[in-house]
Each structure stands twice: as C-alpha cells, then as structure tokens.
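Shown next, in structure tokens, is the structure this report addresses.
Naming follows writing order (A, B, C, D and E), and every chain is counted from residue 1.
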C-alpha cells in the first residue's frame, strides 16, 4: 500500500515539476516583444553599443597637423608576443645637422594580433592605443597587414 | 471515394517522394571522393563492422510488444460492442485484462523489461 | 453552419460536372487525380506551416525572434530551406545497402500519407469513411517504424544503427498505450468509424464531457503520440547529443528532407486523430444553454475548427519539445511499461465499467 | 605539518636522501631504483599520508632529466615535492607510480609523449597528445622542429 | 528463464567500437572518446587527446614572463581571468612584489564574475547535452551581460589578458559598481528561473541522480579537483586552503556534497554560483582606492628557483609550476590543468552505464578540451 502511495506521489510530483517548467517557457512565449535581440546589420549605425575600451585594433593616433608620437624605439615590437608589429625606421638628418632615427613605417599585422595590449602597455610615449573599431574583416589576407603611420606624418615633439 | 483512396494515397506518397528526390538529384551538385564515401563517425574511420549481432535487449521489447499488441487489437472489436453485450462482456474483459496484467507483471518480474 | 459553404456540396458539384463532361471511367480517374493532388497540396501546406510554427515557437521560447529575415516575419524561410534541400547533393556512403537506403525515405513518406485516408477534415471532406477508421490509422502509422529501421540499418553507420534500434523499441512500446487510450473513447461511443466518433460528440467533446478516464486517456495519448513521432523529450532515435543525428545521419539533400517532412506529417496525423477522438473533430465549441455564443461558434467554418484544434495539439508537442530534457532510453521504456501501460489498462477497465453501468452520456 | 616540520621529518625519515626546499615546498630527492618504495611510504605512513598527486611532470635539466612529483595530503593538508634525477638521456626509464595514484596514468602518458621517459608498470603507455608517428619529444631542450614550431 | 540477461551465452552479442568525437555535438570541442559498446552499454572508454594541442608549455619557454600570460587565457577559455591570475601570482611570488589592495579587489571581482560566466555556460550546455535546448539561451542571456562588463572594463570578451603581474592592466570604469549591482539583482532572479526550469524537472533529476558515481577515494586517487571532487565529498577549495589575493578575508562557504553522482556535481555548481555572487557582494561596496598596478621593470627576471602557484578556476585547481634559471624567460613552465586530471575520472564512472549516461557524466564534469590539450 505504501508503495502505491509512493507511486502516486511520484507521478503527481513529476507532473508538478514538469508543469512549472512549461509555465516558464509559456511566459517567455507569450511576450516575444520583450526579448532582447540585437538586430545587427540594421543597428550598425543607430543603437549598436561598442564600449570605449573595446580592443578592436591597434592605432597610431595622428593629430590635426598629421603628427604622431612614435619615436621608433621598438619597445612595442619587443613586447609583442606574436611578432605582430614591425617597426621600420629611417635615419634622417635633422635641422641641427645631427643624425636622427625617425619612424618610417609602423607595420601592423592585424591577422596575428591577439589584442593583448602589451604593446600599448609598453609604449613609453603613449603613441599607440587600442581603438574600438569592429567589422575589420577583409577579403584578402594581405589587407590585414597595415601601415599605421600616415604618409608624410611627422613626429610630434614633446612640449617641454 | 472508398477503398481506392488508400491506393491513391500510397501512389501520392510514392510519387511525391520519388519526384522530390529525383528533382533534388537532378538539380543538386554531385561530386564524390573516397573520403565522402566513408560512413560518418565523427571524422574518424570506422573500426570493425557495423552489422554485428546486436544486443538482445531491444529485441525483447518487440517480442513483449507483439503479445500485447495482439491483445489490444482484440480490445477494439470488444469496445465497439460493449454497450450491446453489457455485463458479460465486461466480466470477460476484466478477466482478460487481468491475465494481460499478470503477463505484464510476469515480464516485469522476470526482468524482461529491465533495460538490459 | 447554415451560412458557410459545405465541402460536401463542392465535392458533389465536382463529381457532377466531371460526369457530365466525360465518360464515367475518365470522370472517376480525374476525381482520383484531383483527390491525390489535393492531398499532396494539403500535406505540403501543413508541413510548411508546421515548420514555420516550430521555428517561431522555439524562437519565442528561447528569447529569440525566430526566422524574420526572409520575407515578411520570415515567412519565406521554409521555402528557402526547401530550395536549399533541393539543391543539395544527396549522396550515400559506399558501404550502404543501396536498395534499402534509397527505399526507406520513400516508404516512411508513403506510409505517412496513407494514414490520412479516413481522417475527416470537415463535413464531407473525407477520402474514405471506413468503418474501422481509427484502427486503420493506428495500424498504418505503425508501419513507419519499419522505414526508420530500414534507414538506420542500411546506413552501415553505428550511430544510425543505434538510433534505429532505439526507435524500434520506443515506437513499438508507445503504440500500446496510444492504442489503449483510443479504446477508452471507442468503448464510450461504440464505433470505430471516424464519422461516428465525431457524431457522438455533437453534444460535447469527449474531453469536456466530464469523464475523468477520458481526460486521462487524452493525456496518455498526447504523451504516447509525442513518443511515437520521435519528438523531444522522446527523440532518442535522433538524440543529437548522443547519436549525432540518429537513424538519418547518413541521409542528405532531399532524402533527408523526406524524413524531415515525414516527422511533421506524422505529427499532423497524431494530432488529427487526437482532435477527432478527444476534441470533437470539426465540431465547433458549444456551451450548453448559451445559444448566442453557440451561434457565433457555428459561424466559424468547420475546417477552421478542425485545423485550429490540430494546431493546438501540435503546439503542445512543440511546447514539450522546447521545455524538457531528453529521457534516457531505459527511463523512456520504463515510463511506458511501468507507468503508462498499466495505468492505461486500468483506465480501460474503468471506462468499460462506466459503459456497462450506463454511467456515461 | 608545516613546511619546516615536514622538512625535518623528511630528513629524519630518509637520512640517506638529499632534502632541500623550493620556494613553496620541502623537496626530497629519491633515487630512481627506490622511488616506488619511498613514494609508497610517503603515501601510507600516518604522519605524512600523501594521498593526492596533484602534479607530476618532468624537467629537462640538460643533460639530465628530472621527474617532479608534487604531493599533497588531503588529511594533513601539507605538500611536498619528490624529485628523481634520470641520468640516462637516451633511454630514460622509471617505475610508474600509477599503482599508488591513479592520476599518474594520464600524467605519465603526457610525460612519455613530451619527454620520452618510459614508465615500467604503466597499464597503457601511449603518446596521448601527438600520436605514435610524431618524431622526437617536444619539451626536451634539444628538440628542433623547423616545420611545426613557429619562431618569432 | 530465471534471468533472461545473464543466461545468454557470451558469444551471442558482439561488441562494437564507436568513436564519440572529435566532431561530435556533445564533446564540446575536439575530444575523441573511443567507446566499446555492447548494445547501449559502455564496456570500455579510451580518450584520445591532442586534437587542439598547441604546445603552450613549449611556447611559454620562448616568451618573456609578461608575454606568456596571454597564452594561458587560451587554455581554459572560460576561466581566462583566473588563468591569468595564476600566472601573475606565480611571477609575483618570484619577484616578491606586493600587489596594491585595489588590484587585489578587482582581481577577485573579475575572477568571481568569470566563475559565474563559466558556470552559467556550463548550466546551459549541461542541459543541452541532456536534450533541452532552451536553457542554453537563458544561460547565455546572463552570461552576455557579464561579458559586456568584461568588454567595457578590460577591452575583450573571452580571452582578456587583463590580470597581469603587479596588478591589472587598466583601471575599472567609474560605472562598474553600479552596473554590476543592477546585474547581480537580475542574475539572482534568473537563478530562480533556472531552478524551476531544470533543477526541479523530474526528467532532469532522473537523468542525473545515481549516474556517474565517483567515490571519494577514487576522486583523491585520480587527482580530481574543483566541483567534480567536491561533489564526491573531497574538500579541496584552493580559495579556502591556500588563499590568495585576499580570499582569506572574505566570508564564503566551500560547497561540498557527498552524493558522488552527477546530481551532486550539478548541485555543487549551482550553489557555487550563489557563493560567487555572495563574494562579489562583499567587496563590491568597498573596493579600496589607490593604485591598480605595482610598477614592474620592463623585462622581468625571476630569481633561480622553483615556484608553484595554485588557484581555483571554475573547474578545479590550476597549478602553475615555474622553473626559473634566472633568465628573462621561464626555463620550464608546467601548467597543471584541472580538466586534464578530471578527464581521468570519465572512464571509471561511465563504464557499465548507457550512452546517455556518458553524456550526463561528461556534461557535469564539465570538460574544456583546450585546457586538457594545452
């Protein structure tokens, strides 16, 4: 007899537990307009939210006079664990006649970058930063290798 | 429409399936290579033969089913004439189901239904 | 029901026009063709609706929107999928049993079609009002398991084989309690014919007549029906986390499409039978005494009633699918042999007792 | 036992073995032949009860190879390191501790794979990660592979 | 006819070998399990690894101390913060650097949030392995919110490289506290939903109870750690026994269950989520002001010696064993991955059970394959 009561109890409890789950899914089913869904390609220009700090790619900011802060010290190149950065420097003669090392090309391979931020961390001049850009895909792998300094850009001297 | 409807439906089903598969075969691309011809086993070559003597557990259920299904088939005509026959039919079927139930209990006791 | 056009009138009109314009043999033949085309259309339309509905239900329950890109509200998604399946290559591995492999999808689909024969969609809209209608549907729909076994065995794939074996044991077991729960209603109304069963519900659907055993039978039938159609939580035969895709692992392209279609047709058959037997078929919903309400209900065409109920039961199945985890194979069989089957047998006895004592109405 | 207590205990119990300490744990050097006996004693003696092998690895101290066993006791909550120096670089072999700690089965498979140290008495010694056809043992210091290792 | 099953001659059924994985929906990655089956019953199970072996230990030997940390995020990608923390702690131990109090608080916050995300993902995928798809989406809803917080504060979502020797890479945002608080309220609500949908579900309970029994002695012998071991009654929380980064000052319970089965593992993880929330609530209001990072030299060199640091990741004890020869690169770095030892438990607990049980056991042990292969 006890077994029978236990049997009925099992069945009843089983049904109760199942109905609880069913009610939960029904709750979500009847209010689809409350679901939080990002409609990605449509909201690309409107409601999409990319946080400020999001690390999308490394950039070398230039100011309005086309000047950057990179001194070509190659600390970032050494800090990078993947060999993403190649800094090609050139030697030019300054106004006072001294030979000076300046940045020629800041080559950045986005395809190898893991966004670890070591380069930004290592830079003593705060010349490079992470930008919160997305949609960086390209059709050709070679397009991932970028030269970050703009043509004709110059070193921005520190105001002392 | 009568009994012909079964033939029609059978015909419909077969035609539809053949037509759909045929159209699919006709329009679909076709390229075979030895790798594609392997049976799917999570990307690993299958080891040993697949068609082996299989565990009897599944088969037992079919056997027990057969017994019970035949008896349920007997219940159908009984159910249709239950109203007319009345109490006799009920008593008879009570005994019948009792035996059926005992059979189930027996199968249960003998662990024919305990899954392997 | 006075205002709506009766389907029996339409069929009668077609019959008369055809007979008037050609010889009786040809007229009969064209009627067959028309019926066949109509059935195919019905099945395809239903399948399309079910697939769309399944996706939307799943999406809404999972905090998503479901398909909503292709066409307005994603309505064209199903057609896009059909075209995808049509254009995909259907190939078989080298080691399959060629004949059975190609035959299996055709068999399951043909069987699913055949089960539709005695179902009455609306007054007069029925292919064959046979006197053993319910028995016929149960008998025919259980042939489908042979197709699944064929598909699984012939694939020469271990997952497929396991899936086929599982579904063999599963579908066959749940046949019993599904059959027994139908017996309960048959005992009440005393006929196997579908039109008689519907007629017996003119004064109230079986489920609303207040018989507890019938309500129980309905619950059992829905559970067993879900299991028979291999739907989650009973989708052991194609459990994707265990057997990848179960018995149709090796099928691709339109051959897979046939299994996919069959699943939905089987669901339709199961829910149509449940509608007919428990929910009054195409009869409108009536409350005894409220004549105004009843008249409004009568105004709704009977085929809408039928398909509305069908879709309700289909929704129940989808609701289960997107809520519950899957059972294990031994639990599945235990549920049947330990719980559903004994309870169904007792249930039938109770129903028989009620009928014999005349305590039913 | 604290680190110091354990160290003195080890010095007293195994007087013929070298006892040192690392930054974290006391360290006991065992000879290759008596490793299993010492390990068994450490596991079963009630003072130590080192029943939890939480890390087993090898270090390539060219030219020697060194087996490192990190042991923990789930009752006393103290840890120690057991080391064995293997001098035969070409064909290093040591007794498996799989019988004492079942965790060793996978660890030793990995060490066999990466360092090529063979374990006698291991139930199923196989190259678990790289497969049997892989040439060389990657974590050895003299491993050279120009194709598979990308250098910066 | 006394017992149909045992009376059958042995030769009647043939066993066959099925490969589960590497391309299988429930191995969550590329683990290959070679299972010998008799019907549905598993007779033998042999894991084959290495499909995602990247040789992280070898790679670390050629990278500087500050540089290799980013690689460890890619081991157990669901405990990326905690992996970074383990390496940072090991290096700090060698350098004898004191980490600022603010950095410690941030580290604990991030680590516990990471544990929450990991357990939430586990909850979803566990339910999915057992055939329920809806929980996966519910779990991702909360996980997404936490990942957004990570994204806002660390810059990345999955492999963060945020915790670094000496502290953390950047300071947290000013709205971090308020956002986290509103989120925690929501997560607590949603935890109740999880309970009604899955925990209370009778099918789910029947699938897990008594399945995959791992006795305590076996768990100790196999070196299991984390929730897997704690569900077998082995108290082994590193945060309690070997506290780091100020866990000793916090009030939290170590969840130990002694059911030893899959259900216990499930319960332990669900409770751990609550404990993580409890820990976060304790520090969220009093994050100390000050520096977020101690200054280190550009090139770090560890003194000669051996350093072993363990932390509690979401899956168990992660050990970082650094052997230093005094140079700027580690001489040998062994990462004692929690999943690698937990994998050993898979065979003993599944042999003799059904295929469905294998999935349940695997789901509750919660293996992350990149962590096993490294």
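In the analysis below, a residue touches a chain if its C-beta (ideal position, glycine included) is under 8 Å from a C-beta of that chain, and two chains touch if they have at least 3 such contacts.
What you are looking at is a predicted structure, and each value in this text was computed from that prediction instead of being measured.
The chains touching chain A as well as chain C are E.
Steps from chain D to chain E, minimised over paths through touching chains, total 1. When every chain is reduced to the mean of its CA atoms, the largest separation from chain A belongs to B. Taking the mean of each chain's C-alpha atoms, the chain whose centre lies closest to the overall C-alpha mean is E. Computed from the mean C-alpha positions, the centre of chain A lies at a distance of 25 Å from the centre of chain E. Note: centroid distance chain A to chain B, computed from Cα atoms, is 56 Å.
Our note on geometry: chain C versus chain D, Cα centroid distance of 64 Å, whole angstroms.
For this pair, chain B with chain E, the centres built from the Cα atoms lie 44 Å apart. With touch defined as above, residues shared between interfaces to two or more other chains in chain D number as follows: 152.
The residues of chain B that reach two or more other chains are 41-42, 46, 50, 54, 57-58, 114-116, listed in rising order. The residues of chain E that reach two or more other chains are 16, 18, 24, 39-40, 134, 141, 197-198, 201, 203, listed in rising order.
Of all residues in chain E, those touching chain D in their complex are 46, 48-50, 53, 55, 57-58, 62, 93-94, 218, 220-223, 225, 234-236, 241, 305-308, 310, 317, 319, 321, 323, 331-332, 334, 336, 340-341, 343-344, 373. Put simply, chain A touches chain C in their complex at residues 11, 18, 21-22, 24-26, 28-30, 32, 35-37. Here chain A touches chain E in the complex through residues 13-14, 17-18, 20-21, 24-25, 36, 51-55, 75, 79-81, 114-118, 121-122, 130, going by the rule given at the top.
For chain E in complex with chain C, the residues that touch the partner chain are 16, 18, 24-26, 37, 39-40, 127-134, 136-138, 141, 197-198, 201, 203-204, 206-207, 354-359. Considering their complex, residues 57, 59-65, 319-320, 322-324, 339 of chain C touch chain A.
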